[in-house]
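Note that chain A is present in both complexes that follow, paired respectively with chain B and with chain C.
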Partner chain A sequence: MPETISSSIANFRPELALALTFIAAMIMEFAARGKGRLTGAVVLAGFAVALALMPFSPAGPERIFSGMIALDPFSVFFKYFVIVTGIVIVLFSFQSQELRRDAPRIGEYFCFIAALTFGMTLMAGAANLLMIYIAIELVGISSYILAGFTKSVRRSSEAALKYVLYGAVSSGLMLYGMSLIFGLMGSLDLVRIHDVLARGHAITTGWSFATMMIGVVLILAGLGYKISAVPFHFWTPDVYEGAPITITAFLAVASKAAGFAVLIRFFTVMFFDMYTTANVRASFSGVNWNLVLAVLSVATMTVGNFIAVWQDNLKRMLAYSSIAHAGYLLMGVVVSSDSGIAAVLLYFIMYFFMNLGAFYVVMAVADKIGSEHIDDYRGFGKRAPTVGVGFAIFLISLTGLPPTGGFVGKLILFSAVVDSPFLWLAVVAVLNTVVSLYYYARVLRNMYLREPLDGDISPIRFRPAVVVTVVLFIIPNILFGLYFEPLVKWTQASVAMLLPGA
Partner chain B sequence: MSYPDVLFYVFAALAAVSALVVVFARNVVYAAFSLLFTFLGVAGIYVLLHADFLAVAQIMIYIGGILVLLIFGVMLTTRVTNVDLPGGVLKTMPATIVSGILLGTLLRLVTRASWFVEPELPSPEGTTAAIGDRLVTTHLLPFEVAGILLLVTIMGAALIARTNGRRRDA
Partner chain C sequence: MPSLTWYLTLSAVLFTTGVVGVLTRRNALIIFMSIELMLNAVNLTFIAFSAFLGDGRGQIVVFFVMAVAAAEAAVGLAIVIALFRNRRTVDINDVNVLKW
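On to the complex of A and B.
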């Protein structure tokens, strides 16, 4: 064992800071009952400390805690992503009126945000099936609780219940799949499993092979549930609609990113041949996993986009749109070359700005007019010019039109796919983008071209903090649409992963 | 058949038959009690597999803790004891076909696949010491994270179950 526990802990400081944040927040909650916002401040401070510790933790690639966690630029990227999203969500939560109704319990809400963020940083680095499972459970259980946090609201409780049921089934399936893989390989370590497979053991033929297939498909079901890929997406609309909107945003952005981190690591480390030079990493173990993922990707984006067309509740529409985005992102995993994975990372950065921005506006509007219905957005562009323009930009960015960040994300992702043998996949994705334009534009039409139903055209005044936040989200959406060189460089440097033989 | 083989079939039959009762019993109390024998049968199989620590943990946690709580829960909830559970009203035919195919496939997998075989069996002295050793060395991190996971779960259960003092329905 080259690394010791103490050296592992030294390389684990950001995660440790998050775990301690959770504990500190809990103690704070006991010590100062009813002062929930103070707990929120503790969590915020803890996240800031974790973020500050990130540059001091080495980017490896190396394995810590006996191979449980991989330290590599890939996990570092996702840790930054998750922690920054956590900070943004805590700041959103301070502003949310929806949560104010449950103000006496808000302290616990922040505790769970800390636990959820901790779990997601573990997912980013987990390199052992056991660790992957525990990290996913930690994230899952924290999110069930948070989805049902506003329990005086009926649909929030309903969301939590559905989430628990789907979550329990999918994690049961995943665990069964992991047990099959363990039974065949005698190891839970991804790298060691790769080595067994690469030796071309008896495992790659006959019934053993079928067993492995079923195991991987079951694990894929668990991971697909986390990233809300079709056909494991049924929970998404109800949970996204029912959960407090801050949590919806958190799940749609950070939880999805953590799920992708695990998915990419799982397939890349276990099944893809590192030494192919083509623009696509082929899987070597007899199954064309690229094709399986491609089918999943097409189903996900198509179902997401087509059902989004019928949605009148904006939270629900954004839920389906996030399913569709998971489909686009899966294309990068299909290709799985360095450029494909870099494109996924870049897309996530853009997705962060556009999606959080959109959710923020929906939250601010719901706090103001008490509705998320598309008809209540009629004339919104005139009634609240700044926030309206912001929302329009976020929606255009989600569609992927220039000159926004969303366009750059899609451009680079699609071009990675075009360079691979999966050209047809890029064609399907472009057609899907056209469909998505319809439902995003529907909101825009209501905002700018239609009069309000009740004829009320009095301006909606938002607090300055809200306007400033919206502007802060507009800037990166436009800026990264025009100047994205550093982001591309950063993502390309972040694809290095702890691989077998390294 | 050797002596352990006979024992294996006894325990396996115990677990399987009582599991069927759990599923098919119309009375929740019968189902809960039957679960006791399922857990016991599984614990017996663990013993035969040299997993002594797991067997004891199974008995202490599942039978001693969870099951007793479950039965108490069932008994204290008076309404539940005599309720007939709905069964057989769902689409029986498709479910049977799907389950049959699944069972057939899994049985074939279990019997045909070349499973990984641990070169040496754990020593008959017991596995507890080895497990304890692993928990603070190679498996330290999952062990600690599981602790946090349980803490989160307890807090969450309390949060969900607690009434707020003042309730509002939206």
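On to the complex of A and C.
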């Protein structure tokens, strides 16, 4: 079917619903100033509508808006992922005490949650360098504002400044890379660029080759910043610690997923020869991109895990842990076979439950005792048994021990890597997991084996809503550790991407 | 008419100036100016290639870049003001509550 604007819009309904949600939320904010929670309800309703529209949008593979956006099972997966995360974050935000201090402005906060989610759905489908840039900027600008939302808090405004500086510089670098690629390939469309590369003339030697290398490395810097890969990770701990914790969770889960969606599409469509049948997709542009990504992956997981060991602030520890997880996830991109990408998608599902659960507990505890410091978790397991058990399960899942979802995610990811020529990468990752056990177990030790510093062992009573939420997150963490067949099927069906020649 | 090489060289020089400015300057406002320089170098590259290839899409990108850069500058300056109200400084060396 030839694509037109109207047929494109018909296939664009969930995103359209999100865009309209953003506009409706802004109008609400002007019309009913000070009733921020009402705006939140509007955003929640808009997300629900977008989610409900998802099944009616065809899964292609198809190009819409002149190839700007790809419609394929791969993007559908990530759209579900970010919209569901958006809903969870809005629900978290309703409960957060941290945001209550800025209650008169909370409407703006919900507006930008909508814009951020809209941007991430665009990132999931972006198939053109221009679209990638705009989607990343939409996500970026919204998240700068959200990171600094509690602006009277010193660390929040500091986090926002660091975020906006790093973000602007890395998008500038990425854009310069894109301009070089545009000049060299004569196109911004990923599929067209693939065709130029596949013909392969004049790109393997001399100036053209150097230009292409610089271009791709600069773009990689921009995307690496988005997924907080080492050495583009410096903003991550500061922003994660300074931002309101709901936003930290949003960035750690959804924004990272959207970044991976772009990264995977960028490399798979542009550089990898999808007609190889081996367990690894070979890159054919004269550079072994698999190896470049493998080095990035090792650096990311190692730096993330080792620095996390020294952290005493749990938010900051989870930030480094999320860097380490980006390293594990990068292994799937290195392999880039169907099983590798399916493993990344599955890992993201598990990551969603374990990470949001962990951030939720940190938020609930910070609201209660006003601290995120590891020493204030001493005796926490006895003072709040249910939430304590929940936190323990999330941390065990993050480590990747059975019988949790995190174990299944790691198992399938590692086995995809073991099947490829990158066996050494899997070995490094397993050693890294051992390191990560140390800092997760440190929290568990404080929770269960140590007495509180001030000797206060009175029970911490959480509201029933908090306990119920924690239990709701425990269930999938355990359930998917034991029964994950449908998820595996779903992720394997979701690797289909809009590819050249398709 | 100067050849493509001249335009690309100029934009590379501008871009490098911007990057060096970002890395060496410590005033948040000057850093933002350096970032603008980087983005304008990008615009120049796009326009030069666009004219060279006879492909108007490069020029379309420039419009998007300018619009996004304006939005980014607005947000960036708002954040600098928020920080200034807290700290009375725009020097990023003083922005050091969060480290390691």
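Keep this in mind: the second predicted complex is superposed on the first by the 501 of 502 C-alpha atoms of A that agree within 3 Å, B and C clash if a C-alpha of one lies under 4 Å from a C-alpha of the other, contacts with A are read in each partner's own complex, and residues count from 1 in each chain.
Criterion: contacts are C-beta pairs under 8 Å (C-beta built on N, C-alpha and C of every residue); 3 or more make two chains touch, one makes a residue touch a chain.
What you are looking at is a predicted structure, and each value in this text was computed from that prediction instead of being measured.
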A:5 contacts which: chain B (first), chain C (second), both, neither? first
Tell me which partner A:66 touches in the superposition: chain B (first), chain C (second), both or neither. first
If you stack the two complexes on chain A, which partner ends up touching A:159: first (chain B), second (chain C), both, or neither? second
Check the residue A:306 against both partner chains and state whether it touches chain B (first), chain C (second), both, or neither. neither
Pick one for A:183: touches chain B only (first), chain C only (second), both, or neither. both
Please work out whether A:151 is in contact with chain B alone, chain C alone, both, or neither, and reply first, second, both or neither. both
Thinking of the overlay built on chain A, is A:94 touched by chain B (first), by chain C (second), by both, or by neither? neither
Could you tell me if A:490 is touching chain B, chain C, both of them or neither one (first, second, both, neither)? neither
So in the superposed three-chain picture, is A:448 touching just chain B, just chain C, both, or none of them (first/second/both/neither)? neither
By the touch definition above, which chain A residues appear in both interfaces, chain B in one complex and chain C in the other? 130, 134, 137, 141, 144-145, 148, 151-152, 154, 160, 180, 182-183, 186
Complex interface listing, chain A residues touching chain C: 130, 133-134, 137, 140-141, 144-145, 148, 151-152, 154-155, 157-162, 164-165, 168-169, 171-173, 175-176, 178-180, 182-183, 186-188, 237-238, 241-242, 307, 310
In the complex of these two chains, what residues of chain A are touching chain B? 1, 5, 8, 19, 22, 26, 65-66, 68-69, 101-102, 104-105, 108, 111-112, 115, 118, 122, 128, 130-131, 134-135, 137-138, 141-142, 144-145, 148-149, 151-154, 160, 180, 182-186, 202-203, 206-208, 210-211, 214
What does chain C use to touch chain A in their complex? 8, 15, 18-19, 22, 28, 31-32, 35, 38-39, 41-42, 45-46, 48-49, 52-53, 55, 57-58, 60-61, 64-65, 68, 71-72, 75-76, 78-80, 82-83, 85-87, 92, 95, 97-100
Would you tell me which residues of chain B are touching chain A in their complex? 105, 108-109, 112-118, 137-142, 145-146, 148-149, 151-153, 155-156, 159-160, 164-165, 167-170
